[in-house]
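As written, the chains take the letters A, B and C, and residue 1 is the first residue of each chain.
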Amino acid sequence: MSELILYLVISPFAAALLAYAFGKIDKQIAFWISEILTLSLFIAVLYLFFHYTNPISVDINWFKFGHFSIPIGLYIDHLSMVMLLIVSGLGFLDIHYSHDYMAEDPHQPRYYGYMLFFIGGMILLVSAKQLSGLFTGWELMGLASYLLISFWHEQKAPADSGVSAFLYTKAGDIFLFASLGLLFYYAGTLNMVTIDHLATSGKISSHVSFVVAIFILIAALGKSGQFPFFPWLLRAMEGPTTVSALIHGATMVNSGIYIVARLFGFYAAGDALIVVASIAALGVFVGATSALVQSEMKRVLAYSTMSHLALAFVGLGVGSLAAGMMHLSNHAIFKALLFLGAGAVMLSTNDTKDMWRFGGLKKPLFLVAIFMAMGALSLGGIPPFSGYFSKDAIFATTIATNHGDIITALTLIGGLLSIAYITRMWILIFAGKPRDIELFNAVKTPSKFWISLPLGIMAVATLVLGFFQKDLADYIISAKYIEPHITHMMPVILGAIISLAGIMYYFYYLRLDLVKKLIAQPLIKSIHNILLNGYYVERFITWFTHNIMVDFLAKVVTYIDIHLLDAVIDGTNDASHVVFNRLSKTNTKKSGDYTGGVIFLVGLVILTVMIGARA
Amino acid sequence: MSAFVLMFFATLFSLALHRTFVFKPFVLLMIVLSGFLIFLKTPVLMYGFAQSSATNLFLLVIFIALLAFTLSEDKEINITQSLFIGAASVLLLRGTTLLTFVFSFEAVSIISFAVVGHIRSSIQADGAVKMFISGALATALIVLGLALFTFGGGNFNLSLSNIHFNALMEVGLWVMLAGIFYKLTIVPMHSWAADSYANIKPSSAALLSGIAKSVVFVAVLKLFEPFFIQTLHVSIFILIVLSVLTMTLGNILAMFQKRVGKMLAYSSIAQAGYMLMVFIAVKDSYAQIGLLYLAIAYVFMQTALYLLLDNIGGGISDITLDDVKGLVKKDRLVSLFFAIQIFSLAGVPLLAGFMGKAIATYAVVDAGYWIVALIALLNSTFSIGYYGWFIKNIYFDHSVKQSRVISVSTSAKIAQIILLGGTLFFGIFAFAVFHTSFCSL
Amino acid sequence: MIYLLTIFLPMLLAGYIYLFTRRIGGAKYIALALFVALFIEAWLTYTNLLPSGYTMLGSYLDVKRFDFVLTLQVDRFSVIMLLLVSVLLIFVTLTSWSVKHQSAYFSLLIFFAGPIFGLFMSTNLLWFFIFWELTLIPIYFLIGIWGDKQRIFAAMKFFIYTHLASMLMLLAFFLLYKQSTTFDMTQIKEGALTTPALIWWLLFIAFAIKMPLFPFHTWLPIAHVEAPAPVSSLLAGVLLKMGAYGMIRLVVLMLPHQAQKYDYIILILGLATLFYAAFMALYTTHIKKMVAYSSISHMGLVAIAISALSFSGLSSALFEMIGHALIISILFVIAGIFHEKTGSWQMGDMGGIMQKAPYLATLFVIGGLAALGLPSTIGFIGELSVLISAIMAHGVWLAVIAAASLLSAGYFIWAFRRVIYGKQSKVVALTNFAIHPVVFGALAIFAILVIAFGIFPQFLFSGIDRAFDTYHLLGGLA
């Protein structure tokens, strides 16, 4: 078993090098190496899943310095297993899909190398035993994300987006890095399971747990594209859509939730869950409302990702590990499906992202439309799709826990709005009449095997998984999961969902002209602009980093350095020049003047000696 | 026959050999023979003279420097005069009484005037006249001091040890020291040196500043040591002020000079400050060895640099920094000589200058005046400013068209190799100095 | 005797090469052979070390007076420094493969090898000083002759400023000798000193200038910027390490009680350096200045690690020193190549180099990522171990160190954006980035080392740890 886990962690990195090196010979080799490897990973994970009895642990000593040693062990339990299934399964489908999606690109070896590198980082993250290993995976993944977002680095937008992605997440990561040191100090270990136990049993004081938990939460929020770090997630859409699907829809962004889930006891002991719930509830609302008005489909999906991951955070924050992780798993599948579906649309329409130019695409892209509809239903929370169950569980727990009306309200509104924006998106793309005839006529039907098959698998999965939600929840918490019962919740929620869908149907299918009129209203227009720009969070952060950090702080430091510290040093040159010029005047070049010095000296000497002799 | 006698007669005889091909070989032979006599420790055999291993070592160093001078110099009269300086040095370093000191000091001085008498331009005339006037003044002060000393009841035909000094004797000795300090370019009596050393023919400056000055320094410490030890409680303040002033002023004024000769002249003043600093620590066991080391190093460095200056300029005294720009592209070897001797002056290790400065500074630290040592060391940092600038002109700059630098003869290069050897030897093999002492043999 | 030759043979050889190989060439091969031989020698010394304490290599020039004895003794710490230095010298030789005026250039490099080996082998403080000071000379020439436009100013400033540091150090050594009558650093007992605080401060400032720590750092950026690229890596990789070596060996291990008394001074200056230099790097648009400030910032980390005054602190400081040497060397050389090819220092003038020179750009990215502390590179291990030892020694507020890696991410990622990625600038489009394969090979090997030691740090730590494991028993170190 432990060999298998080592294989899981190491092989993607090795394969990444191989794919890159041999891909130079023929691009197809790079693809096939990746395809075979990811398939083997998935099979290996399935094997592990079916043969799993107890948590599997591999101890590796990384390094030892002074009296301290830092291990980098591996640990697989139910939580990791769920994540591994998601990563390897979706990873395989994504690579398979890439065959056609990336077919035209000259840099395929690099692409597959990065992708495998990413999968390796993700597997390392979810199977790490200690925070050191987790952080390594965390950062490697971040690097892969950066490189893949900037995959088309010769263009301005992807290059800029990569910078944002790296720096926004890094701003969170430093808190995780700091908590490595803090936990080493307070807990004496980096083993996450041990830390959980220590906190639960009160060995770590709850104040410490609270602070460290908040630190880790900041990193988690950064990585998961949550408020206020979400702008990078929007910009990340500049990368290839396969990357958006796998990294920024289904896997990497989940790692923030994973780490909170992994340290769930620690968070509970430190009373930090309320903070998680509060920030996340805000994220649910901000994401969902912003998604309502976007015109690019990938941006809709990105905001939707933000909103849904926030929902998962809320699930954890209100104290239900099962609900949060269930939603994470379900979301991973349907979001990957939707992203890849959007990718299929883009592939068929020559990379068009603006939904207002589509319309009526369900005819040429029938399969894609069907599968995306299934994904949309799951996302919107329609039973029996899996999305319904987890969302329902989160709603129920939130209401039952009642951390405050605002949290509950924001969560419910945001969660329900998902049906609105996804309906809007689907209608704008697939229904109605084509709005851009030229584009419509040029649509190519994508390959069934390479493109539609993975979509189909995911669509079926998101449907089938709906029937196994109880089992999934039991598996995650290794106990019987009991959902809190709220009277009349189901009919109310379903009613709200259906009426929201109806409203969207009315506006975007029947009376599209009304939408344009509405937006022209001054009040609506300003709200629309706020939402379109994601509440201007990015603009504020950009202003802060550019104007405060660089143009003020760094500039002041530089000014001090040049005009004070260095000026003092360089000033010695000028000062000695001045002194030199003054003193040069003592050299009058007249012999007579020189004797003055002698008389002075002799006088001084005699005086001193006389005084000295008297004394 | 002692080295003094041999050198004295060689001086006279060499006059007869001028303009013959045997002149240089004869002079070289005489110097080598005298060095050999020193090595054999042959005494002067007159009253008031005694030798010690330290002075013998220093005399050997002087003779090696004279050897190099002879090889490098082309003016025969200068060589003859340099022989006389050698002869006088023997007396000066071996003298044990005030009388012998004054006598041989004047011998060195007189020949100094003769040396600078070689005048080819108005600049050199200026330097020579200032030299003469200052020398006369110094002599007057020395004689005045001697008179006061005698007036106070001192006997100038004895050494200064075991004497109780009364106030008049002290004043007399101080007046005498004022005259000597005048020659040693101690601030505020330094200005003449800046003009003279820079204006006279550089090879003459090599003799005066490189050899004569260090000989006088060692002789002063040797003779006046008992006096300084007895009166240190009075004189320490003066000595500290004078040495700090001298080194600081010398370094500052050397900083932005355009003429190489002037820069070296001020650097020589600064070096005098370092040497005077040792007198503060006169009670310390490292004082004598420190001064001796400084003087030995100084003989090699300063002589070599002024001779090089003479060689590349063909005897003119106003070579500027612009002239030496890009020298390395014309002659790698000469540039290397310059660089190493300059680094030695700057106190870069494994060269004699460093050891000299280090031991002298340590003597001061050992005596408890670490602040003075700190000032000296900071001064050394200061001096990097112009030493480094000089190196920069040679190595980092491109040469200018109107450079007056000429090529250097082989015998001059051999002379430089001898001096370089000295700088390196005393930089590494410190035992040569450490194993000597000033105790009479 | 072989060790005496190690020091003095290069110095003699340098003179020979300078004067006689100008026409026949081949200086670089001699240099390479010599440095490889030095590496082998250092390695053999390492394997033959005594298990603890010093291993005597010889004692020469025995002058009892003034303790002028060239005592060569090494322990694990100094041999690790020797190994680092010889590796860097090989690197510098390879990356200077097609430099101008080869006989002079390589003779200076060879000359440098002598005193730097002497420095780490000598335990006599007087000789320590001698070698310390001698290393300045070749660097002074290397900057002054092969440097960029402001090379003269840079060389002079370097020479004067570092000489100032040397002078303070010399005074401290003299006081040590006066108070303990020996120059041998292994014999000096802190308890016997009468003015330990004065000595500590003199030594601290001297080494702080060399490391350099804020506010004594101003000589370094200009020296780095003006020096030719391989010399910059020599400066960062060796000269700054001399400062850190002195800081550990003399300021901390020799005077442990004073160090304990003033450890907060080292800590505060270290922290100040870390952040101050990072902000400077954030603001500059000059590619080599940015690398230079990043280098200074990392030396702040070393100082923080030293200030922990613990076994683990010293281990992590040494690890960080090695990591810094490898990383910064890559960055300096590549920044130099970019400048040499494009003719500009401004990052704004570059852009899109990844498209013209993908492999070179990749190496730059690897170096930058290592410098910003990405896990699986040597930079992360250094940062993590420094963070942990600092927190364990001084308390949790030192978690603030983590914030520095955001700043370094800021300037490096933006540098990648401006220089490597994006559209090709006009200059870059016209430039041919072909470099000598030897240069590329050297860079690639260093990049591989950066990653290899990042994944398998225990390989280094197992040697480093044993360098300090005896000291915590002797001095006041915890």
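Here are a few things to note about the model shown:
To be clear about the criterion, a residue touches a chain if its C-beta (ideal position, glycine included) is under 8 Å from a C-beta of that chain, and two chains touch if they have at least 3 such contacts.
Fair warning: this is a prediction, and the values are worked out from it, not measured in the lab.
The chain closest to the protein's centre is C, with centres computed as averages of CA atoms.
Farthest from chain B in terms of Cα centroid separation is A.
Rounded to whole angstrom units, the spacing between the C-alpha centres of chain B and chain C is 41. If you average the Cα atoms of chain A and of chain B, the two centres end up 77 Å apart. Distance between chain centres (mean CA atoms), chain A to chain C: 37 Å.
Not a single residue in chain A touches at least two other chains. Shared interface positions of chain B, i.e. residues touching 2 or more other chains, are given as 385.
Listing the residues of chain B that touch chain A in their complex gives 126, 129-130, 133-134, 137, 141, 166-167, 170-171, 174-175, 177-178, 181-182, 187-192, 194-195, 231, 233-235, 237-238, 249, 252-253, 255-256, 382, 385. Per the touch definition, chain B reaches chain C in the complex via residues 286, 289, 332-333, 336, 343, 348-350, 354, 358-359, 361-362, 365-366, 370, 373-374, 377-378, 380-381, 384-385, 388-389, 391-392, 395-397, 428-431, 434.
Chain A contributes residues 61-68, 70, 132, 135-136, 138-140, 143, 146, 150, 153-156, 159-160, 162-163, 166-167, 170-171, 173-175, 177-182, 184-186, 545, 549-550, 553-555, 557-558, 561, 565-566, 569-570 to its touches with chain C in the complex. Listing the residues of chain A that touch chain B in their complex gives 573, 576-577, 579-580, 583-584, 586-589, 591, 593-595, 597-598, 600-602, 604-606, 608-610, 612-613.
Chain C contributes residues 157, 161, 215, 218-219, 276, 279-280, 282-284, 310-316, 319, 352, 354-355, 369, 373-376, 380-381, 383-385, 387-392, 395-396, 398-403, 405-406, 409-410, 413-414, 416-417, 420-424, 457-458, 461, 464-465, 468 to its touches with chain A in the complex.
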